[in-house]
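The two complexes that follow have subunit A in common; it is paired with subunit B in the first and with subunit C in the second.
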Partner chain A sequence: MMVPIVFLVLCLGGFFLSGLPVNFLFNEMVFRLSRNLILVLSLIIPVISGMGLNFGIVLGAMAGQIGLIIIMNYNIGGIGGLFLALLLSTPVAIFFGYLVGKVLNKAKGKEMITSMILGFFANGIYQLVFIVLAGRIIPFSNPNMLMSTGTGLRNTIDLNIVRKSFDGFIFSGITSYPIFTFIITILLFVGLYFFLKTKLGQEMRAVGQSMHIASVSGIDVDRTRIISIIISTVLAAWGQIIYLQNMGTLNTYNNHEQVGLFAVASLLIGGASVDKASWKEAFIGTFLFHLLFIISPLAGQNLMGNAQIGEYFRVFIAYGVIGVALLLHAWEKNKAITQLSDI
Partner chain B sequence: MSLLQMENISKTYSGNQVLKSVTLNIKAGEIHGLLGENGAGKSTLMNILFGMPVIHSTGGFEGNMTFDGKPYLPKTPMDAMKMGIGMVHQEFMLIPGFTITENIKLNRENTKDTFLSKIIGPKLEKLDLPKMKEESKEALNKLNMTVDEYLPVAGLPVGYMQFIEIAREIDKTNLKLLILDEPTAVLTESEAAQFLEVIKNLSNMGIAILFITHRLDEIKQVTDSITVLRDGSLVKSIETKNVDIVEMARLMVGREISFETSNKKEIDLDEKPFLELKDLYVNMPGEKVKGVNLKIQKGEILGLGGLAGQGKIGISNGIMGLYPTQGTILKDGKEMPLNNPREMLNNSIAFLSEDRKGVGLLLDEPIDFNIAYTSIEIQEKFIKNIGPLKIVNGKEIKSHANKMIEDLDIRCTGSNQYTRFLSGGNQQKVCIARALTLNPEILLVSEPTRGIDIGAKKLVLDTLVKLNKELNMTIIITSSELAELRQISDRIAIITEGKVQSILPPDASDEAFGLAMAGKDISEVVD
Partner chain C sequence: MDIKKIYEKIGFPRLIISTFLIILLITAATLKLPMSGIWQDIFTRFGMNAILVLAMVPSIQSGIGINFNLPLGVIFGLIGALISIELGLTGFASLFVALIVAIPLAIIGGYLYGLMLNKVKGQEMTVGNYFGYSIVSFMCIFWLVAPFKNPELTWAMGGSGLRVTLSMESSMGGVLDKFLAFKIGNVVFPTGLILTFILLASIVWVFSKSKKGTAMIVAGSSEAFAASNGVNVDKQRIIGIVLSTVLAAIGIIIYSQSFGFLQLYNAPLYVALPAAASILIGGATLQKAKIIHVIIGTFLFQGLLVVALPVINILSEGSMAEIIRIIISNGIILYALTRKAGEAA
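Up next is the complex of A and B:
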């Protein structure tokens, strides 16, 4: 409980220093929450299955971007295009999730570092496909997406045809807030809550607590872990699509890179740990992390006369909170091993 | 009629026969005790009965089994469970973060249909918590347990956990045979008494019980018949009322041992002890030491024996400071620092670990460096000074290693061979060579013959005796094999439940050893 409280205090302090109007903050927060909640949500199931923080959601984000690139290529816009992107990205994400799950089953106990490195590795392949092969071997019918040489996708692709189509679906006439996105997000959170009460959810909790006991009880541990990662990857793909339709532009080679880091930091700030997380932590953490994101540059400007300071500060926080969470986890594990008093 | 018949069961692990034509019969509803030392083949027999994967991945077994009148050949534990065989393992199979209900119902949860489960499959059925609670309560009631079934298991007393494990087994509706592997080892006396009551109740309900334990009085108290195994062979199957505790101990340990008593030295216990342990506690997982007091005289070979998990291995590891340790260690009257392996080495105490490959050897380094590195580190042997630099003297190491290879008859292609590729016996000899290079006053040896063939065993043991005789080295040898302790030790301390149970001369009777390992003194039983 300490971590969220510390960050709440930081946010309050930063809020007064920044002098930002509450109105502006509220608007910003609404959009940031709608953009990021599903990505953070995607981390919860692997934590419950004992696989730690799944930095491999980067692959899910790539799957989402692949879905968007396909609909942009065929110029299918609007809400129909967006649903098509969600639909197309799903099998890709399932495939990626299956591969990640397979690899993580070979690296039991080292899932976090493995999934992080897998993310870097997948990034290399992603670049190979979209810088070298796109336009040369993979045909693109929309020349606007390619660089002027005819090979390789552009650095930024304008998603104007699907921009905010999901956010504004049904409710665009009434309000500019992303109501539909919130409804879907809430449905997913509720779905997660019920999922954990099913047989499969119970099996995941059992596997997360002890793989050995689960397998002796007849639970197929490896399969359960793979399903857990697949669900995570698919949610991340959807989350990334919803994130990008709100932003309106796709940074082809950068957007997915930080997804894992920021989502993990958000979850940890909410008070989650490597082996414990729930929807509450996802929500509180996302809120605090992004609040800090908005106010820290201005607070830095007002405090030190330099907006860069605030910028440094928030990068420092993102990495710092992950490092501290991992350290605390290691300490607790060590403590459990070396106590003499429990003889 | 027999519920379970196991006939002529034999099992070989990579050329090593661990079960020789063993036969076991259990009648419906009876309590049957299975007795034997470590390595007698009890676990292997249970693994076969319970269909553990380790049996089939090592080539299966020979013999026939019939259960409930039908031929029985389990390939997985699930097959065994389906037939109505349940097992309570020695280590708890409970998930600490789950409630009692969730543990009892693990992977057998009551569920209800949901909309999604009809489309996707039964995995998405919702858990029926009220039903689960009700049935768990029922199972717990059968055991006279009044504990709230929604409590998490973590934090419950160990005695309760044992009962929860049993509740889980009897909740399986078709349970006919329950295997209990050392169930009372973790229980306090009153808990154990309650536990034995429960077992009798279960037996009255018609469930047969196979009870594995080394507490002979419990066997005597509750079982209807017993089977004794020794060295993988059946010694005797007998009705409990026809046998007493002393006889059981003799059946368990007894074997022909050829040792030359002329070898033994008289140990003068009135002399000042060379090494003294006072109230030593060691937290080594699985081998906890709980207050050992021992006096070791200069020049003796002291054997530490006892069953696995009782703490004998923890003593040497604790002296060396490899696991958290409390208490006092006096060497020659001087107090030694605890939890400091380097200081122990500096004080001329060397250790051959039971974990030869993990702690004993640098597997990817050649023999000569393995022999020399502790001496280089501790005593600055094999080092020449060139100005301010200290350089390892490769030539000297090599010639020393070659001498050791010759002395100890290490079979290898040369002193530059990697230790990974040596056989177990030769690896052990490299470890001994390393300890000898330190030229210690006290040598701690832990399980020196584990995983070594018979010929090499003899060589290793002879080497230890020779060192003791020629260099007057004090040796403390820990071993699970009582026979080898009796062969070379001057005195043998039997460790039970983390404490010294009794110190026996090597030529004491089999009964005395058997009873000591079961936590009894022969005098109190015979009276």
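Up next is the complex of A and C:
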């Protein structure tokens, strides 16, 4: 519990320095939580099945964006369009997840760095498809999506036709808060809780504890790991769609890049580690990380007279927290190994 | 020697990339692009990048794998260059002062980093990568508050902190490129730059043949075997990472003087991946690396980038060259990561 407490203190200190009004902060936090929780949630299952932090959720985010690009191309708006995007992104995410799982099974023990490089690699393919092939080989019926040259998607696509359609579904008449998104998020969290109690969930835990023991007791380790990554990728795709409908614009080539970094940092700030994570850490971590995100530029401005410092500081926190968490984890693990061999 | 053996010797990735490079070169020739400019660029960019790629060799040899924390050494190199520019030095003096400041810092930093890596055996690459990212973002704050006064370094219109890119025109820009440079046709051969690489590569090669270097390679190839032979594995790994960090610091200074600009802030983030890709393209694996891998790999990778850009600019749009770079460099690292230990890349 040390990590979340340290960050809570940092947040409190930053809060007083920033001098932001509480109700502004509250509103901002409600929206940030609603759009980020599912993305953070998507990291939990791979951690439990022993594959570490899945930086490959970048591919899930891409699948979500592909779903949105398709509905924007046919101009299908409203809540119906959004559900269609969720539906369309799912098979794409399952396919991506399967590929990521296959690759990670070939790199056992190096899953985290491999999933990260895989994210960079997939980004190259994504750019190839949407900058070079879009409009030339892949037909787009909506000319507003393409750059003026007729090939390549625009850098930003306005999602006005689905903007906040998910957040406001059913409850839009009563309040402007994203009630529906919270209900779905809670359902997914509860679903995850019960999923881990099923046979498959227990098998994932067993694989996470020891691949060798799991395979001796008759669990198909490779298959279980692939399923775990598929679930993670699908959740990330949905999470990204929900994130983007709240934001209202799609930065075609940048939105997915930071997804892995921010989600992983959030989970770790909540006190999770490389082999232990639950819904509590996801929730606390997302809250603290985004609180720090809002207040640090202003705190930097008031403390040092330079907003840029706060800006760099929060990037430093995101990277630093991942670095330190990975360091401590590997350290502990090595200690355990030496102690065993000493006997 | 039958064809299969030759194929195995060359290896799948090198075969693909050399074929691709040859096709590009032929296309460039048929498109009547100025070949002298292309060769000039290949030589210069080879010299600029080869030392950064060379920095991967000691870290792979000592068993740490790819040194994703190359930015650590790069930052010490940048500090060296900044101090030398701040002092207002020019020409070779400024280059040497930069090196003299950077190398001791890199030794200390590399040593401390090595101590840390010895605690996280097996996860060096992931930890190193994020450690590198954290250092770079921490240094972003440092560049903002650093007490440099020289107007060449700070923003012209007031405001605090160092500029994002600094011109080295008046200090050490191109001193090595111009040193002993000669002309073949229209190609100006950057002799000093290439000689510097040859000098450093020979030092690394001689070291790897010496008693100390052999101990380091043994420690890298099998920890248990090394320990049973009385080799202190932890110490060898530290030597490997110190060498790697020092080479990275030298590498960025050489790179910047040839490029003509010093790049601060987020720029060091983009150093490690191309260097890793280059040495892996050259035939190194996560366990084994030689000087020849550096030379082949840097030549192929930089050659590809240099030729691809003008050719693709004619055939397709410019962003394609950048996309090819992303796919190739990450694809080759992915390929190496998914090999089992012992399998050739």
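Simple rule for what comes next: the second predicted complex is superposed on the first by the 339 of 343 C-alpha atoms of A that agree within 3 Å, B and C clash if a C-alpha of one lies under 4 Å from a C-alpha of the other, contacts with A are read in each partner's own complex, and residues count from 1 in each chain.
One rule holds for everything that comes next: a residue touches a chain if its C-beta (ideal position, glycine included) is under 8 Å from a C-beta of that chain, and two chains touch if they have at least 3 such contacts.
The structure displayed is predicted, hence computed values, not measured ones.
Within the superposed three-chain model, A:175 lies out of touch with both subunit B and subunit C [touch as defined at top]. Shared-chain residue A:23: touches no atom of subunit B or subunit C. With both structures placed on the common chain, the touch criterion links A:109 to subunit C but leaves subunit B unconnected. Between subunit B and subunit C, more residues of subunit A are touched by C. By the touch criterion stated above, A:209 is placed in contact with subunit B alone, subunit C being left untouched. Of the two partner chains, subunit B is the only one that A:217 touches; subunit C does not reach it. In the superposition on chain A, contact of A:141 is made with neither subunit B nor subunit C. In the superposed model, A:198 lies in contact with subunit B only, and not with subunit C.
Using the contact criterion defined above for the overlaid structures, shared-chain residue A:308 touches subunit C, although it does not reach subunit B. In the superposition on chain A, A:117 makes contact with subunit C only, not with subunit B. Shared interface residues of subunit A, touching subunit B in one complex and subunit C in the other, do not exist.
Contact residues of subunit C toward subunit A in the complex are 68, 116, 119-123, 125-127, 129-131, 133-134, 136-138, 140-141, 144-145, 160-161, 273, 316-317, 319-320, 323, 326-327, 330-331, 333-334, 337-338.
Contact residues on subunit A toward subunit B in their complex (touch as defined above): 194-195, 197-200, 202-203, 205-206, 209-210, 213-214, 216-219, 337-340, 342-343.
Across the complex, subunit B meets subunit A through its residues 77-78, 81, 89, 93-98, 102, 106-107, 109, 111, 114, 117, 122-127, 281, 283, 285, 288-290, 324-326, 498.
By the touch rule above, subunit A contacts subunit C in their complex via residues 52, 103, 106-107, 109-110, 112-114, 116-118, 120-121, 123-125, 127-128, 131-132, 149, 151-152, 304, 306, 308-309, 312-313, 315-316, 319-320, 322-324, 326-327, 329-331, 333-334.
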